[in-house]
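Presented sequentially are two complexes of chain A, the first with chain B as partner and the second with chain C.
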Partner chain A sequence: MKIRYAIILSWAILVIAPLILAWNQLESIAERNILQTIADFNYKFQTKDSISFTFLVASLSTILTLIIGLPLAWNLGRYNWPHHNILRSIFTVPFVMPSILVAMGFLALLDWISIILEHNHSSEIRFYSLLFAHAWFNLALVIRFCEPLLSTIDSSYEEACRLLPSGNTNIGRLSKFWLPLMWPNIAASAALVFVFSFTSFALVKFITPSQRNLEVVMSNQAEWAGLSVPSLSRAPSEIVLASSTIQLITIIIALLLSSWLQSRSSGHHLSTLNDGRIPMSFNSMRGIYLLVMLVFIISPMLALVSSSFMIRENDMMVFSFQGWKSAFGGSHSPTDVSQSLFSSIGYAFMTILLSLPIGYFLSDSIYNLEKKNPRLALALDVLVMMPLALSAVMVGLGVLLGLIRTDPELARSWWIPLYGHLMLTTPFVVRVLLPAMRNLNPNLEEAAALLGANYFKRLIFIRLSLLTPSLIVASSLVFAISLGEFGASWVVLRFTEFTTLPVMIGDLLSRPGYDPILRPAANAAGTILLLITLVLFMSVERFRPIGSGGEF
Partner chain B sequence: MLVCESISKSYENEVLSNFNLEVGSDEIVALLGPSGSGKSTLLRIICGLENSDSGKVFFNGIDLEEIPPEKRGIGMVFQNLALFPHLNVHDNLKFGLPPNSSITRISEILELVGLKNFGPRKIQHLSGGESQRVALARSLIAEPKMILLDEPLSSLDAGIKESLSLEVRKMIKSLSIPAIYVTHDPIIANQMADRIVYLESNI
Partner chain C sequence: MYKNKVFLICLIMICSIFTGCLGDENSYDDDKKLSIVSYDAFGMSQELLDQFTNETGIDVEITRAGNSGGVLSTAIQTKDTGLFDLSIGIDNSYLGTALSANIFQPLNTDRSIFSSRALSSYDGDLAIPFDLASVCINYDSTYVDGGNITIPTSLWDFTDSTWDGKLVVQNPRTSSTGRSFFLATVDYFSNDEDNLTDHKDWWQSMRANNILITDGWTTAYESHYSGGYGQWGDGFIGDAHAVVSYCHSPGVEAYYGGNSTTSVALDIDNASFSQIEYISFLSGSDKSVSANIFVDWLVSSEINSQMSTINWMYPAIKGGDIIEDSGYRWHSLVPVDCDIDILDIDDNISIWLDEWDTAMA
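After this line comes the complex of A and B, so read on.
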């Protein structure tokens, strides 16, 4: 019991302390309060139009994601396809893809399209590509929120609908049955898609380099913000203070909306344990649609891999291994692929070792409190999810500035990225373990207790044994997120010598001037990261039972 | 001998109010009553899975209040049987085997409940009646000083229910331990019990 409270307290300090210290540091350097900095925000040349751009991109991306995602969720949820689990894995893999890889995949796709059409892409094309990249990345959220309900709903409800006057047409059933049933799930997923598009960093930074959302604005100012050099750091501190505040308020509103909408979802009452899907083959219109969607999902990944073997020479793309040689030789980056990969894997393993037990105890605390004190459970849940309400760049900046405020030397420590990764991954562990704990039959542990098993025996042989599939899913999610984490690492690693693979890729893509090797080298490093993420995700997805989802 | 003294328990409504019960050292008592009358709650209080708001439970003269469920030596068969789905029949029984007991005890008890050679079977592959027997066997192998049965036959067909209830009674009687059997079926209560206690709904 005491350990549980110690962990809750440590988590609260871990999350809140650096942010308070960071805001305090920024305010003291800016010498202005938050409201004044927000009032001036749109008049500064570094930040002009960034608020409207952020809202526009997030809103349009959300609409596009729903347009693409809902028919896909319907087809995956209502029909049983050959190799269904593999299909489902492919359509949900984008969510665990490192965002920097998505950016590179879409850039490579744009390059191929411009070569085929012999026409250079305009800034408008880049803007639309950004929207499609967001839709590609967030498609899994719509599927995870809507598909489980569609796949497990008792078929007798739709059959009853068909026999009644209001439900005897497809449109009638859609408008009178499915939409009223599904709208909380749809709206909850839309709110989360909005959050992830609002806080998008790598995609905006690399796909639309001439435009800035709030996240890119913060990252651009990160070098000087909060440092004790007032002449250089006052303006950056003001900008980061204002952007982070606007971002935090918007995201908290969206997350609260998502949480409230999820609690209104009544569809689960209609679910059965049976698989209610109708068998379907690819030899149909629906099959053709699904194949088109498969091409949409796979093409950025294929473009990334193929571009790693190509180099631009006199406006022609030529097959070459130079990108791979440069990536492994480190000739165009501070470290080579193997060193960066070693650092990334090291950080990922250390993150698992820390976030899994912390996430377990936090989930266990919420689970126990739900029965005794639901309000306190909700408060703890919000506290656990708080890092998700912050963006990766904000977490990185918060950690960094908080540490600078405490001791500037700490900012050069090797474990700094670990702090950020821990904050960003632990909420996902809780989101995986908590629903799994709620699904455990409480009588099992009670029966074990009555058979004489003490706490540790019950924990190891009943609780953890039954949670093993969820623990594997959570570990792989932590590993994938940590391995591909870019925003926080990009901000904090500038002071250290420990470069992770995404940071190495970001460094290659951000080099000033034109060098034909840089993109193929970044694509080669990206291909390594892509393959690791794909293998990890595909091997773990089979542990996820039918009907699971809704969380992560 | 079990003594429940002035047990009260409330959730949103009062479920048990100053309830008293005595169960003799080898007596089988059936608790009969409608849903919501507090039958299952009483069993959970007796074995320590829940605390009463007031009142005491004594077993062989010892106040059980401070004793955790795993130390009370009271076995229970749950309504949903609570068989561990990740373990096979043998390992479910092994979980209940007291330390220093011979592993052969598992085969003996399986034979006793008529499930010889069922050890390697997965829980998911058992029928309703077989699952019920395994759940009973798992409780008995722990050598409890008392056994509580919370409507374990409720999901079975009437015919199987009647024949199985007689078998269960025979097995409990052969161990000479007290038992409380919760049911809302008067026929089963009559077959199983030496004495029937009726609880009225407080809702």
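After this line comes the complex of A and C, so read on.
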């Protein structure tokens, strides 16, 4: 019990301490209070329309993701397709792709579309592309939250519905049976899609460069926020303080809603351990629909891959391997792909070693609290998810201040980036393990205890044994997210000499592209990251238990 | 039961410690390793850095910190910590702020080797110039045909309807080229023949004429500008026919484009800013010997004369120039730049930018 508290306390400190440090620093510099700054937002170029744009994009992206994702989750959940696991991997892999790659993929796709239509894309098309990019990125949330429950609902319930007067039509069954059953899962996924669309950075920055959401606004001010230099003015600190406050309040409300809805999910009462899916082939209308969705998912990835082979040469684009040669040779970056990949894999493995046990104990704590004190369980759940809600600017500033006040040399330590990786992956470990724990039969452990098995034996031979598939899934998720992690690495890794693959890509993209090799080299490095992630997801998908509880 | 839990925690901690064996062999406490903070686009190749290490035995580690402003903010944030020894890329638009913040230590560099232009903003031992270039408007010559659309001869020409929504500039708060051009407009309109208007009037007129403003150079040049290499890349919009960039950007276009480019630097007296980039020895560092060796190497004739291909800028040393290959020099303009004092910038920039921020909202 003490250890559980120690882990919760450590987690709370790791999450909240940088925030407090950054907050204090910004507040000591800001002259105007937060409300005054917010009231001034639309009268300054830096911040004009950023609040309305953030809410608009997050809301529309959430609606679009549900429109695209729910039918997909239904078809994946209720029907058993040939190569089902591969299909599920492809549909869910976008979520762990580095957002900078997603942006590159969508921009490349836009170019192909404009070539086909012989028309340059406008700002309006870019706005709609941003919404589709968010839907593409977050589709996995809807699938992961809804598909497992759908896949284990016994068909006999629906058959029984058909016999009732209000259930003899599709709409009747949808409104009287499926929606009441599914809405907590749908709403919980919608809340998380909203969170990720609200805090989106790279997609907004690259796809709609002429518009700013709050995250981009904060990033623009990051350089000068927290610095007390007269000629730099106090505006950056005030803007970051106000923006992060709006963001934090909004996201905490969304996370509370999401966690509360997940705990209300009653679908598992009707679910069975059996596979309730109906076999289906691609030679059907549903099959054609699924293939269309497959094209939607694969297109940006293919566009990214194809761009890595195209290079401009005397006013035309030609097929070339030069981007790949440069990426592997490291001729245009501080490190080559193999070195960067080695660093990335090293960090990913270390992240698994840390986030899996921490995530396990946090899940265990939430699971135990749910029975004794549901409100505290909800609060802890939100605390676990908090890192996903915090702005990288605030965390970066807080970490830097913390390091400078303790030991500046620590900033260059190889393990500092692990902090960012840990913060971003542990919430997902909890999202995988918590529903799996809820589905465990408590009688098994009680029986083992009665037979004299101590805690360690029960943990190894019963609990971890039953949780093995979920632990494998969680490990793959941690590995993939860590491998593609860009934001937190960018905040802290740049003080160290270890360049990960996403940082190498960012480095190549941040230089002026006069040299025609730079962009294809970045795309080549991105393609490698994409392929590794895809293979990883496909190989562990078979370990995912059927109906693993309706969370991530 | 608790013992087993403690065992598990210990196991985790041991694993964590074990992973420590993979790195951190550096102690950073000797004089043979220099930590440098530079901007993202600093083009010094690893081969050249390795060459320096081979010649001197001094290792160099470069940390990228965004743009010129990012270098300054990192230097201020880490002041006196010894985290970085040198900063590369703080330019003369930020130098006044840097000097006020007391973040530099003197260097022993012989300043007689530099051109008068390189020393025009600052001639002290706290900031040593290593490269320079002018920031001005570039235009697409396929749009400016000399017939219906004539070459602008004054910045006021861009307020004409023919340039409605067709000039893209960078946000002076977030981009160093944007800041440089903004400063050029301040000086240009305060010294022109018209005493009734100033830079604020011009920017307001440009806002009315739908000037495009991006947060960084890359988006402006690659996505919006129709006359640059961006037209061959992903995400090209091409809605602007003029962009704020370097006056030698057309030269770099020609260098990579087989002596062919449609981009031209606009030659208007005092409408460009001479950007001079400095290397400085940061306070808190005790690696004076290594720092001076590196600075001397960077401004040596052998290295500095190659600056037009190393970092795509003009050398700072006397007689330094950009190379002639593939029309690089032929397509590069050397304009008459504005003349604005770095202390004047430091005193007023906060007010100027706040005014700009309000005017452009």
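One rule holds in what follows: the second predicted complex is superposed on the first by the 481 of 552 C-alpha atoms of A that agree within 3 Å, B and C clash if a C-alpha of one lies under 4 Å from a C-alpha of the other, contacts with A are read in each partner's own complex, and residues count from 1 in each chain.
Following the convention adopted for this analysis, contacts are C-beta pairs under 8 Å (C-beta built on N, C-alpha and C of every residue); 3 or more make two chains touch, one makes a residue touch a chain.
If you're wondering where the values come from, they're calculated on a predicted model, not measured in any experiment.
Participant: With the two structures laid over each other on chain A, which partner does A:42 touch: chain B (first), chain C (second), both, or neither?
Facilitator: So A:42 only meets chain C here.
Participant: Using the touch definition from the top, say if A:31 reaches chain B (first), chain C (second), both or neither.
Facilitator: neither
Participant: Going by the contact rule set out at the top, does A:461 touch chain B (first), chain C (second), both, or neither?
Facilitator: Touch partner of A:461: chain B, not chain C.
Participant: Spot which of chain B and chain C makes contact with more residues of chain A, would you?
Facilitator: C
Participant: Using the touch definition from the top, say if A:315 reaches chain B (first), chain C (second), both or neither.
Facilitator: second
Participant: Could you tell me if A:443 is touching chain B, chain C, both of them or neither one (first, second, both, neither)?
Facilitator: It touches chain B, and chain C stays clear.
Participant: Need the overlap of the two footprints on chain A, from chain B and from chain C, as residue ranges.
Facilitator: Looking at chain A, the two contact sets intersect at 454.
Participant: For the complex, which residues does chain B have touching chain A?
Facilitator: So the residues of chain B in touch with chain A come to 47, 49, 68-72, 74-76, 78, 80, 82, 84-86, 95-96, 98, 138-139, 142.
Participant: Chain B touches which residues of chain A in the complex?
Facilitator: 441, 443-444, 446-454, 461-462, 465-466
Participant: Applying the document's contact rule, which stretches of chain C touch chain A when the two form their complex?
Facilitator: Going by the criterion above, the answer is residues 1-2, 4-9, 12, 15-16, 19-20, 22-24, 26, 28, 35, 40-41, 43, 46, 61-66, 69-70, 73, 76-78, 81-83, 96-97, 100-101, 171, 173-174, 212-215, 217-219, 221-223, 229-230, 232-239, 252-253, 255-258, 260, 312, 346-347, 349-350, 353-354, 356-361.
Participant: Could you pull out which chain A residues touch chain C in their complex?
Facilitator: Interface residues on chain A, with respect to chain C: 1-3, 42-46, 48, 104, 107-108, 110-111, 120-123, 126, 205-207, 209-210, 212, 216, 220, 223-224, 226-227, 229-233, 235, 307, 312, 314-315, 317, 330, 334, 346, 350, 353-354, 357, 400, 404, 408-409, 411-415, 454-456, 459, 494-495, 497-498, 507, 510-516, 519.
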